[in-house]
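Next up: some structures, all given as structure tokens.
Here come two complexes built around chain A, the first alongside chain B, the second alongside chain C.
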Partner chain A sequence: MSKRSIVPFGPQHPVLPEPIHLDLVLEDEKVVEAIPSIGFVHRGLEKLVEKKEFTEYVYVAERICGICSFMHGMGYCQAVENIMDIKVPDRAEYLRTLWAELSRIHSHLMWLGLLADAFGFESLFMHCWRLREQILDIFETTTGGRVIFSVCKIGGVRKDIDKDTLKGIVTILDKMQKELKELTDVFIEDYSVQHRLVGVGVLTKQEAHDVGAVGPMMRASGIAQDMRMLGYAAYKYLDFEPVVENDGDCYARTLVRIREIYQSMNLIRQCVEKMPEGEIEEKFKGMPQGERYERLEQPRGEVIYYVKANGTKFLDRVRVRTPTFTNVPALLKVLQGCELADVPMMVLTIDPCISCTER
Partner chain B sequence: MSFLKKSPWIIHYDGTSCNGCDIEVLACLTPLYDVERFGVVNTGNPKHADILLITGSVNEQNKDVVWQIFNQMANPKVVVAVGICATSGGIFAECYNVMGGVDKIIPVDVYVPGCAARPESIIDGVVKALDILEEKRVALARRRRKARKARPVSLTNLF
Partner chain C sequence: MTVLHFSTYVIKKLFQKPATHLYPIKKQKFFERTRGHVAIDIDACIFCGMCSRKCPTGAIGVDRTAKQWDIERLKCIQCSCCVEVCPKKCLSMENAYTAPSEGSVKDVFHARVPDNQPDR
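And then the complex of A and B:
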């Protein structure tokens, strides 16, 4: 047996924009064990419910993570709405779905870019981020913000999108789809990309089930689980199937995310087609009383919101279980026995969002 | 500022940011804003960097990391606090694990407000930082010259 050595990975690492620290125990070039240490981004924002009113807390919820910011706000709003029995108008639900799916496209494109950067394909990284800016432009015209846009509120949404803009969004997406096709073909067919991804970090179906992986990580291992099938917001009116791949390696996880971008584009087209006229928010009175679990599908997987209210304007407890937190055991599982050079690849394919995980 | 005297290399560290400012910092480097055409390069190594961009506030766990990155950078160096969290703690100022702005730990030269800070304002902040970098360079050179004059070192003095 060769000598064991420990290589620290992070918290400040060129591959990751975010701080996570892993102690990698190596035997020659093979990783035997990975020991994570966390807490670099911990703010303790769940305790802020004691200081902010429940209507104000939407802003805090949106700032749990800047990438899936809209869906965090949406999850919190849905939980409070369900406690207070507020019926959100249909148009608001469609608008929420539209923004949520746009967020998914932006998040997945960003992830594809970071993945390309991790295996050293810089021009691909730049192209992914160039396409992503078009989505951010849509956000800016419809909400006013680029990454955090506080457009969700309890009872509905703040802003409406007029008919022409909706048509414009579809036109932009149609144009983008052609460019995206060229881009994703590189990920799918390029020899050097496949060389880095195929067969790397395999998580079998049974393992994925045992460690409780969620989101694209789980769907890449052949388990069809998608919280959107629960039919929250306007998903109950839309027609789609969860994207599933069976190989469970980094390549399969990339494929799942690529196919999900096209799926989201399709969902947005359906949204625009079916969007009804009407109000965008429901006025409400009173304070929430009771508790509620809310499950949502974020770009990274399932997020659970638990809200407990006591009839005053301050909530008792808000608990968020975020997708990356659940995927960390899966990451530690795939890291065992891999090559040191593949570590950035593995860390990226769970699509880590550390600020979600540590809150 | 009509032209750049220097290609500034930046290092980016994420404090307790929500990623919003982080992805905007990265967006500055990608085709739409593309600061690389001005010679601004993102590096992972503190020893190569001139400008430290910090997003998010500091907490008990990461204050040593921030301090270490700052100390490993060679003089002259400039610190830019990006986003309202790095400036004062922002919406999270009341959280139990947030100590406040980055200036609690290291000296900050430029503050870029915004939640999330827009790429335009981040680039603006970096341009401001460049002027400060130049001032610091001049001051450092003057200090070194003075020190050399005050204590002339020659081989005969050493023995």
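And then the complex of A and C:
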């Protein structure tokens, strides 16, 4: 046995957009163990719930993460609505679904770009982000914000989208799909990309189940688990199947995310087609009393919102269990036995969002 | 497996205009709903203080006796909560972002002062 050495990886590292620290125990170039430490960007957002009114906390919930911000707000709103028995109008549910799916496209495109950047394909990275820009523009036209939308509120949504804009969104997506095809072909077929991804960081079906992976990480290992199948918001009216791959390596995780972009585009088209007319918000009175678990599918996987209310305007407790937090054990599993040069790929393929994790 | 996948793309792009704007010369166009900064029509304001109470970050201050309305620009998160609760609809969300600054910026507005100019 050769001598072991420890290489610190992060919190600042060129491939890491956010700070996570890993102590990599190496034998020659092989990783035998990885010890994570998090807590560099803790902001105490869960504690803030005691100081902010439950209606105001939506703004805080949205700021838990900069990428899936809409779905954080949506998860919190759904939890409070279910406690208070508020029936959200159908149109508001469709609008929420539309924005959620747009967020998924934007998140996955960003991730594809970061992945390309991590294996040193700079131009591919730029092209992914160029396409993502169009989605951000859609956000700005429909909500007024590019990253933080502030459109979700308890009882519905704040802003409506008129018919012409909805048609415009579909036209943009149709055009984008052709351009996206060119890019995703590179990810799927290019020799140098495959060289970095195929067979790297394999997580078997059993392992994925044992360590409790979520989202694309789990679906790439052959387990068809998608919280959207629970039928929250307008997903109950839409027709889709979870995207599943069986190889469990970095390439499979990339494929899952690529196919999910196309799936999201399809879901948005269905949303626009089926969107009913009507109110976008339900007025409510009173304060919430009770507790509720809410599960949502974010781009990174399943997020759990726990809300406990006590009948006053301040909630007792909000707990967010984010997908990256659940995927860290899966990351440590795939890191065992990999090459040091592949570590950045592994860390990226769980799609880490550290500020979500630390809240 | 393919190689040189981007070559056709590169040739196409050679004959196209640059995708970026020359920023200071060509200003960015905003969308109709872009949330840039909160503006106030101070003459219509009744200083009820609803905006100040509902502001999630406490960026807005209202002084009824001095007839003064102020906003800390860097504290404001552009959620447009104040615009929604304003009973006289004198608050509005404008497109343009506030100018970059080194320290905190507090914009103070007074009612019934000559010319109604913001007193910075």
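FYI, the second predicted complex is superposed on the first by the 359 of 359 C-alpha atoms of A that agree within 3 Å, B and C clash if a C-alpha of one lies under 4 Å from a C-alpha of the other, contacts with A are read in each partner's own complex, and residues count from 1 in each chain.
One rule holds in what follows: contacts are C-beta pairs under 8 Å (C-beta built on N, C-alpha and C of every residue); 3 or more make two chains touch, one makes a residue touch a chain.
Source: prediction; values computed, not measured.
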Quiz item: Counting only touches as set out at the top, which of chain B and chain C does A:353 meet: first, second, both, neither?
Solution: first
Quiz item: In the superposed arrangement, does A:90 touch chain B (first), chain C (second), both or neither?
Solution: neither
Quiz item: More residues of chain A in touch with chain C or with chain B?
Solution: B
Quiz item: Which partner does A:43 contact after superposing on A: first (chain B), second (chain C), both, neither?
Solution: first
Practice problem: Using the touch definition from the top, say if A:144 reaches chain B (first), chain C (second), both or neither. | Solution: second
Practice problem: Once the structures are superposed on A, label A:189 by its partner contacts, choosing first (chain B), second (chain C), both or neither. | Solution: second
Exercise. Pick one for A:159: touches chain B only (first), chain C only (second), both, or neither.
Key: second
Exercise. Could you say whether A:207 touches chain B, chain C, both of them, or neither, answering first, second, both or neither?
Key: neither
Practice problem: Identify the partner contact of A:339: answer first if only chain B is touched, second if only chain C is, both if each is, neither if none is. | Solution: neither
Quiz item: So, does A:27 touch the first partner chain B, the second partner chain C, both, or neither?
Solution: neither
Self-check item: Where chain A meets both chain C and chain B, residue numbers
Solution: 59-60, 130, 145, 148
Quiz item: Tell me, which parts of chain C touch chain A in their complex?
Solution: 1-3, 5-6, 9, 19, 31-35, 54, 56, 77-81, 84, 93
Quiz item: In the complex of these two chains, what residues of chain B are touching chain A?
Solution: 12-27, 30-32, 43-44, 46, 56-57, 59, 61-62, 65, 69, 91-92, 94-98, 115-116, 118
Exercise. Spell out the part of chain A that touches chain C in their complex, as residue ranges.
Key: 52, 56, 59-60, 123-124, 130, 137, 140-145, 148, 150, 158-159, 182, 185-186, 189-192, 194
Quiz item: How about chain A: which of its residues touch chain B in the complex?
Solution: 11-14, 17-19, 39-45, 47-48, 51, 59-60, 63-67, 69, 110, 113, 125-127, 129-130, 133, 136, 145-148, 353, 355
